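One structure below.
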Amino acid sequence: MVPVVRRPGDCPNCRIGRPDNCSDGKKHEAGITGLHGFMRDYFYEAPENLVLVRSKDLSKIGVLTEPLKNVVKAFEVFEKVSTRAVYQNQFSTYEGKKALIIGSACEAFLYAFVAREYGFTTYMANRHAIEDTKLQMCQNFDVNFVDYSKDVNFPDNFELDLLIDTSGDPSTIVRFLRKVNYNGVVILFGTNGKAPDGAITGNDIDWIVERNITVCGSVDAARIHYEKALDLIQKWHLGHAGVMSKMITGIYKPEDTSLFTVKPAGEIKSVIKWNDIE
Amino acid sequence: MVPVVRRPGDCPNCRIGRPDNCSDGKKHEAGITGLHGFMRDYFYEAPENLVLVRSKDLSKIGVLTEPLKNVVKAFEVFEKVSTRAVYQNQFSTYEGKKALIIGSACEAFLYAFVAREYGFTTYMANRHAIEDTKLQMCQNFDVNFVDYSKDVNFPDNFELDLLIDTSGDPSTIVRFLRKVNYNGVVILFGTNGKAPDGAITGNDIDWIVERNITVCGSVDAARIHYEKALDLIQKWHLGHAGVMSKMITGIYKPEDTSLFTVKPAGEIKSVIKWNDIE
Amino acid sequence: MVPVVRRPGDCPNCRIGRPDNCSDGKKHEAGITGLHGFMRDYFYEAPENLVLVRSKDLSKIGVLTEPLKNVVKAFEVFEKVSTRAVYQNQFSTYEGKKALIIGSACEAFLYAFVAREYGFTTYMANRHAIEDTKLQMCQNFDVNFVDYSKDVNFPDNFELDLLIDTSGDPSTIVRFLRKVNYNGVVILFGTNGKAPDGAITGNDIDWIVERNITVCGSVDAARIHYEKALDLIQKWHLGHAGVMSKMITGIYKPEDTSLFTVKPAGEIKSVIKWNDIE
Amino acid sequence: MVPVVRRPGDCPNCRIGRPDNCSDGKKHEAGITGLHGFMRDYFYEAPENLVLVRSKDLSKIGVLTEPLKNVVKAFEVFEKVSTRAVYQNQFSTYEGKKALIIGSACEAFLYAFVAREYGFTTYMANRHAIEDTKLQMCQNFDVNFVDYSKDVNFPDNFELDLLIDTSGDPSTIVRFLRKVNYNGVVILFGTNGKAPDGAITGNDIDWIVERNITVCGSVDAARIHYEKALDLIQKWHLGHAGVMSKMITGIYKPEDTSLFTVKPAGEIKSVIKWNDIE
């Protein structure tokens, strides 16, 4: 049994196994009630979520299924909305198309890796440098990291066919939105209610209109995305030896609450190990 | 022969008759060169565009094809992107779904009329009142007009499944975006480079994300949309006796340049009649 | 209230208002129980189905909604499956595309009329001549009728982009299938369990494979198709004065059972008028 | 550079890199001219096709890209046409859905393996037994082989949601078509002009109609499918150790023409090695 985070309500989307697309917000988050005070990210990694994993050597990295399922759903959205025009190149592929992921936390890496699966020339950008181990991880998947605090016009000689935001920061989104190409797709995934307000101009609106740009919010995922996520993790585990396990940057005991107060240095994905039986 | 405004370039979209979705911006606007100083809207109404119209009694209202083709294309976009989730209700229809069109110029009316074709409960909103003749036109098509300068929380007891902007004003767009429902679609059509900047908050981004909202720029149209537009005009002409011709609020001679400097009172669509032979 | 013939079961399609696409056959046909011995076609025309019709002058022709809803659903199927390749021409339209409808009963006319809405060059074919009134109806909608008993190679100088069968006869279907073009779509709608067996050869299979042809069964319809069907009838009623009412070739009393034993000459749609109150 | 077998013509599909969906048959098969007398299958395996393969240990199995690309395209067709209804189960997955592949040659195995990627319960059927090495290959991918000469009613207690034919034999296709479920999809891929004629009855047509079944011819593939095929081969090579190389059942020298006259025992994929430099 795959534990899905949202339990279905009675809307048309819930009825067909897609509570992630709930039409009325009446789906129920699973099991959150008993875990007050826990940040949502860490809940997902409870042991009951690991039953998905069949292969012994995936027991550690199977926790990546949880964030990756959301990425898989977002790319489903990308595929649907990009049918509004011919998105692929004149040879039917994504070769030459550019993807940029804003952010450098766990989800950003996973978005970048999936963009590579499509064949996008893929960039990950943040306004600060990242650790060498993270840079190596990017290199291993042919992802280009950009510290755009040092490259303020980036990208200045090409345009973005796919822009994915994991930051939730309005100003950053608008800044890169003005770099999006004709027929470009923008996936909004990150949320940050405390982010400072951004400005959006008439010219920004004009840019979206004249270029037939599509901006999509995407939240959560359905069972089908869990399955595809696990499949990708297994594929990457075999094809990129050692990289997946490096994504798990720390394993903590439940009683070690430091994790919730101090962001570990170099963190990508921290895991709480609830017990020793897996 | 239907004169389409954009002439194809060599990108994949141009190659299949969709220069409105041009991938590289290298399509060419037709014939604009010889008409410097003319506003684009009026160019379209040159007599050669009227050959589309087969029926004698449509000779006057055939000019509505030009703005309506853009509306038809935008609804094509709506249909494509709305497939990312189940958009229709549990009976497979649009009954009970709410559409709001921002603006009250010619395109806003046409967007509202097409929304009615789908079965949306349809609203047209502006921050001022509109003339009685326009109100009657709304009533004739079962469109509800809202002067939201007098109803500042509008809509306060329902959410929007389809939001269409014809104003290009960032603040207005963001204001109503926060009223958009789960799986809602927002069509950005209006452009106004001189509009004052708007603010977009972290909570606005969060709203788009958590509700799987899709925001689509849509510009121009292809030959298929001209055909459907003309078909709709003929249908409305027969089904809503007299309403279509009331959309043409003024017919001007080419030498009457007042049209370009003073907006006629109660204007919906002004037409320049190039000569007397049609 | 629109009475839909099928009532939903609990499969994913039924759950979203699409019992016409029921996944397990457990939807229920509405009200058939009380009408043993009645042919299905005539059941649909019971007075309770007429409440759909708002306009007084459509009270007679509103019964065409029942067969037309099936046609509308079939064209929905056509639109979905035809996305597997670029179906439209290089100008984005259906101009120059050829549709052939096999049969000349009521549904065949309705299929032909909808094909004309798309812009198909449209043919209706049977192996016998049809009455002059029917020919005039075809002419009115720009539909070409072919008696292919006299033109055994028809069509011999073009290929079919859309083939719709209303006969259910295997040999006839296979005969015309070999005239279907690259990327052509075949809609199977007619059923006739008593039709003689047809032969299908290795070359027929090869033809379907090498030309990427799609053959779709299509049955019944959902509420959305009723709505669109009624809309089309109203449109045609206004745009093709008098033609719709000529589709109703006979109005019978319930006690007049001759209708079930003898096919009326020149019949398109026979209606049983259950009572005088409408 | 990926060598694609078909070179584009000027139809809308060729223009966007999809000569596999050519609208007029005017695409050109690449390089066939210089190879008269060679069977098409063996042409594809010329050394210049191997440049695709980046990883050294895939040099041998990269030839599977050629047949697999066709399978990938066929599943693209499946995905498109299956959108006409809700195809997935009420949990949004393919769990519990049944796929049957007719045939047991190379393509049949590849179709079965891709069906497993989706999560179909997958059957491969032929009217004779297959060698143990082939059975083991099936087991490795969780594919069930059925010798239906011994199980004449197969499948007698379930229905098929996906039927794929690689035989081109009309009678076999019709036999299993009557086992296809509501909303089922049938992919016709095999061709055999010399196959004996089959019979198709009125009840067969009725079965297709009443169950909303879709039958799709699918031929060839585009560059995007080559890319996905190579990706799958790499994935399977890593995830199913040794199985992919067992697919290559024989490597022949160009001068060894026995291959063209005698089918090798236990053959899945025979390769002609043109020279020793790879």
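Labels A, B, C and D are assigned to the chains in the order they are written; within every chain, residues are numbered from 1.
Here, contacts are C-beta pairs under 8 Å (C-beta built on N, C-alpha and C of every residue); 3 or more make two chains touch, one makes a residue touch a chain.
It should be emphasised that the depicted structure is a prediction, and the values quoted were computed from it without experimental measurement.
Trainee: Between B-D and A-D, which chain pair shares more contacting C-beta pairs?
Mentor: When A-D is set beside B-D, the one with more contacts is A-D.
Trainee: With centres defined as the mean C-alpha position, give me the subunit A-subunit B separation in Å.
Mentor: Chain centres of subunit A and subunit B, defined by C-alpha means, are spaced 35 Å apart.
Trainee: So the centre of each chain is just the mean of its C-alpha atoms; given that, what is the distance between subunit B and subunit D in Å?
Mentor: Taking the mean C-alpha position of each chain, the two centres sit 47 Å apart.
Trainee: Just the number, please: Cα centre separation of subunit A and subunit D in whole Å.
Mentor: Between these chains, centre-to-centre, one finds 33 Å.
Trainee: At least two partner chains per residue is the criterion; list those residues in subunit A.
Mentor: 12, 15-18, 83, 86, 88-90
Trainee: Graph of touching chains, which shape: line, ring, star, complete, other?
Mentor: Basically all the chains touch each other, so complete.
Trainee: With touch defined as at the start, can you tell me which subunit C residues reach subunit D in the complex?
Mentor: Interface residues on subunit C, with respect to subunit D: 11-13, 15-16, 18, 20-25, 76-77, 80-81, 83-86, 88-90, 165, 168-170, 173-174, 181-183, 188-219.
Trainee: Which subunit A residues qualify as touching subunit D in the complex?
Mentor: The contact residues of subunit A facing subunit D are 15-18, 86, 88-93, 117, 119, 222-224, 227, 231, 234-235, 238-239.
Trainee: Using the touch definition up top, name the residues of subunit A that touch subunit C in the complex.
Mentor: On the subunit A side, the touching residues are 12, 15-17, 83.
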